[in-house]
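Structures are listed in the sections that come next.
What follows is a pair of complexes built around chain A, which joins chain B in one and chain C in the other.
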Partner chain A sequence: MKEIVIISGKGGTGKTSITASLAKVAHEEVVAADCDVDAADMHLLLQPDFANSEDFYSGVIAQINQAKCIKCGKCKDVCRFDAISIVDKQYVVSQLDCEGCGYCAQICPRDAITTPQQNVGNFYISSTRLNMPLVHARLGIGAENSGKLVAKVKNEAKALAEKRKIPYLLVDGPPGIGCPVISSLSGADFVVFVTEPTISGLHDLERVYELTAQFKLLAGCIINKADLNKEKTAQIKKFIRKHNIYELDQINYDEKFSEAVTNGYTAAEINKEYERNFKHLWEKIKEIVLEDK
Partner chain B sequence: MKIAIASGKGGTGKTTLATNLAALIAEQQPVTLIDLDVEEPNSGLFFQGKLMEEIPVHKMVPNWEKKKCTFCGICQKVCNFNAVIQLPTQVLVFSKLCHSCYACSELCSTNALPMKPEKIGKTSKFQTGNITFIESSLDIGQEMAVPVIAHTNKILENEYNDKFIIIDAPPGTSCPVIESVKDVDFVILVAEPTPFGVHDLKLAVETMRELKKEFVVVINRFGLGDGKILDYCEQESIEILAKIPNSRAAAECYSYGKLMYKYLPEIKHEINKIAKYIWQHLGDRK
Partner chain C sequence: MKIAFTAQGPSWNDPIDPRFGRAQYLLIYDEEKDKLTVIDNTAINQVAHGAGPETARKLFQVNPNILITGNGPGGNAARVLENAQISVFIGAGSLTVEQAYQKYKNNELEKL
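Take a look at the complex of A and B:
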């Protein structure tokens, strides 16, 4: 099984639309995974049935048992996150500020502090209208996106692909370069950057490329809205060639793209031409992934 | 007065709004613009300011000192993040996993894990006319954005407390966003009128309500998609402050790093509405 991860650095470049379009043309060959658990959108295009749902627990938060507390204040003293304060003469933990390090519970002389596991969200294994399974998740509001839920989504998707003997895993990654992105890259066989010819698009592509280069990952690039700024598109191409990134495709600015999303279908379903182009792109990606040893 | 510009979904126009709004306000008064999208900071691409100061951002991590270690195992036991692992002949510290809680260091009876700073990013200060621009960025390969944001917040609190501040926040709904908006007076949520946009706006609204933050909505690329975003805001009694029209010309302006309000009067008209709302708010608060 080969794993293809689609990321962009910058948000809103068209990652999800393009991933869903690739999933549409690849259908029986892929398990799709939405690893942008912070703002997951792929389900809006693939319409999963949410058939299997499970709670996901990760990390802890401190809780003070007021009956046992002797108000010595040691917990507040050691907390580096200012998560413990005195309210109405009682020591209380701010859920949003607590990092879950458990230091307070360690030093409490009366064992008045417990650290229960936190339910940080749900993950789902679904069937979709396009005949491929989708593994996706929803992070709880304000929960920590430590990358653990991302890892869970990927592991479940991998297990599913192996069980059903599906050859490819297609991952819609999160924006940025931090923990969730690093988590979505672990184990990738091929990374696809979706960028746009804007000053920010290029800047963010450079940063995210530097990250994937640290992991020595094979990479390709799709330039979305390529005709918006020909000068920037040329600069991006220059950057791609310099770093031996595969030039996969360029897609022109087209309001049909957002119309498709508005009506709940993928760009590959706009017309025959788009379908043909995405099929061609998918074949190209497979060729690169299979050639790589 | 501190305002954050945020969104659930990425790429909805946070940076566009933050930079255009800051520049428009700066025509009247000094303004401080802060880029807290530390993973991919972009506001600085729209200003050619003079670099005044660059401050490294560190986080504190334990450093193992073999000579003092008795291999008692406490450090590994107390670390909730698997950042300290004790092997038969050494203790390994995985600094990227460390949350700087100090538990291992302070609970070590022989002081074999003193805390030392490790660089994870930097904060740069620029000046251009009436605009003070502060950008924080996470070093590539570092995982945790929150300590860099928290460090910048400290600088704001200590040096810029009396200033008029606009924050360009990171996308999403999890900890980096919360750290970015927790001290602000109100939040402007930028949303697109597409199904993705509406879905992620709902998440952002839930987050702001959870944080008990006052917020308003600005719709960007108005004209795209359908009217569902208007229905949603009406149902939830959310104020829509402005509707920035969708246009290819605006997208082209952005692509070159140009401030679009200077070229497109219909966009200036909307940005002006937001500025007026803020000035009114400023007046009410003082």
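Take a look at the complex of A and C:
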């Protein structure tokens, strides 16, 4: 099984739309995994059935056992997030401010503070309207994506692909270059960058490239909305060539694209031409992945 | 020489875990004593952030000379390993632990 991870660095480049379009043309060949859990939206295009659901626990928040608390105030003194306050003469932890560092629990003379794991959302294995399984997650309000959650989504998707003998895992990766992105890249066979011809598009492409270069990962690039700024597109191409990144595709701006997303279908379903182009792109990606030893 | 592997299981026949931070097992082979030690790292599945430095810390405690893995560690973990003077060899992601060891012996793995 080969793992293809699609990332962008910058948000709004069309990463998810393109991932969903590739999933559409690859249908029976892929398990799709939405690891962009902070703003998971692949489900809008693939319409999963949320058939299998599981609670997901990640991160900790301090909890004070009032029966044990002697109100010495040490926890409040050491909390650098000002998450502990006195309410009705009791020391309480603000759920929103606590970062779960555990300093208060460490310092408490009566061991009155524990740091239980938080139920931050749900994780799902679904069937979709486009005949491929989707592994995805939904976070509660204020909860954040983590390397842990990404690893969980990817591992479940891999297990499913192996069980059903599906040859490719298509991962919609998180934005940025932080912990969740590292977790999504770890174990990948091929990385696809989706960028756009803007200053921040190129800047963030350079940053994600640094990360993939560190992991010695094979990478390719899709320039979306390429005709909107030809000068920047040329700069991006120069960067791609300099670093031996595969030039996978260049997609011109088209209002039909956003129209498709607004109406809940993938860009590969706009018309025959789009479908053909995405099929061609998918074949190209497969060729590169299979060639790589 | 003490050689560490990131692995998906506890034995020579298990596949290498291509991930460093979230590797499920760390296997340490002591060539002089011809002894394989297994460190269960599955608790890492419960760690939300900073898996790389955490696994690097565990590795630091057993202090191997060599690490053999798949993609290689991320920035933070790489710094820990560098300071611990552990040489990292990558590209063993699709092999078993035993195959990876043979490839290392034949100088066929890439040094980071």
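The rule is short, and it goes like this: the second predicted complex is superposed on the first by the 288 of 293 C-alpha atoms of A that agree within 3 Å, B and C clash if a C-alpha of one lies under 4 Å from a C-alpha of the other, contacts with A are read in each partner's own complex, and residues count from 1 in each chain.
The rule is simple: a contact is a pair of C-beta atoms (placed from the backbone, for glycine too) under 8 Å apart; a residue touches a chain by one contact, two chains touch by 3 or more.
Bear in mind the structure is a predicted one, so any value in this text is a computation, not a measurement.
S.K.: Quick check on the superposed pair: does A:117 touch chain B, chain C, both, or neither? Answer first, second, both or neither.
M.R.: After superposition on chain A, A:117 lies in contact with chain C alone.
S.K.: Examine A:94 and indicate which partner it touches, taking first as chain B and second as chain C; both and neither are also allowed.
M.R.: neither
S.K.: First (chain B), second (chain C), both or neither: which does A:250 touch?
M.R.: neither
S.K.: More residues of chain A in touch with chain C or with chain B?
M.R.: Of chain B and chain C, B contacts more residues of chain A.
S.K.: Counting only touches as set out at the top, which of chain B and chain C does A:185 meet: first, second, both, neither?
M.R.: After superposition on chain A, A:185 lies in contact with chain C alone.
S.K.: Would you sort A:147 into first (chain B), second (chain C), both or neither based on which partner it touches?
M.R.: both
S.K.: Does the superposition put A:214 against chain B (first), chain C (second), both, or neither?
M.R.: both
S.K.: I'd like to know which partner A:78 touches here: chain B for first, chain C for second, both or neither.
M.R.: A:78 contacts chain B only, not chain C.
S.K.: Contact-wise, after the overlay, does A:63 reach chain B, chain C, both or neither (first, second, both, neither)?
M.R.: It touches nothing on chain B or chain C.
S.K.: Which chain A residues contact chain B in one complex and chain C in the other?
M.R.: 59, 147, 179, 182, 211, 214
S.K.: Could you please specify the touching residues of chain A with respect to chain C in the complex?
M.R.: Touch list, chain A to chain C: 58-59, 117, 146-149, 151-152, 179, 182-183, 185-188, 211, 214-217.
S.K.: Flag every residue of chain B that touches chain A in the complex, lowest number first.
M.R.: Interface residues on chain B, with respect to chain A: 8-12, 15, 39-40, 42, 45-46, 78, 80-81, 99-103, 106-107, 138, 140-145, 170-176, 178, 182, 194-196, 199-200, 203, 206-207, 210-211, 224-226, 248, 251-252, 254-257.
S.K.: Considering the complex alone, what residue numbers of chain C touch chain A?
M.R.: 18-22, 45-52, 70-72, 74-75, 78, 90-91, 93, 110, 112
S.K.: Applying the document's contact rule, which stretches of chain A touch chain B when the two form their complex?
M.R.: Its residues touching chain B are 9-13, 16, 38-39, 41, 44, 59-60, 78, 80-81, 96, 99-103, 106-107, 115, 139, 141-145, 147, 174-179, 181-182, 196-201, 203-204, 207-208, 210-211, 214, 225, 228-229, 232, 253, 255, 258, 261-262, 264.
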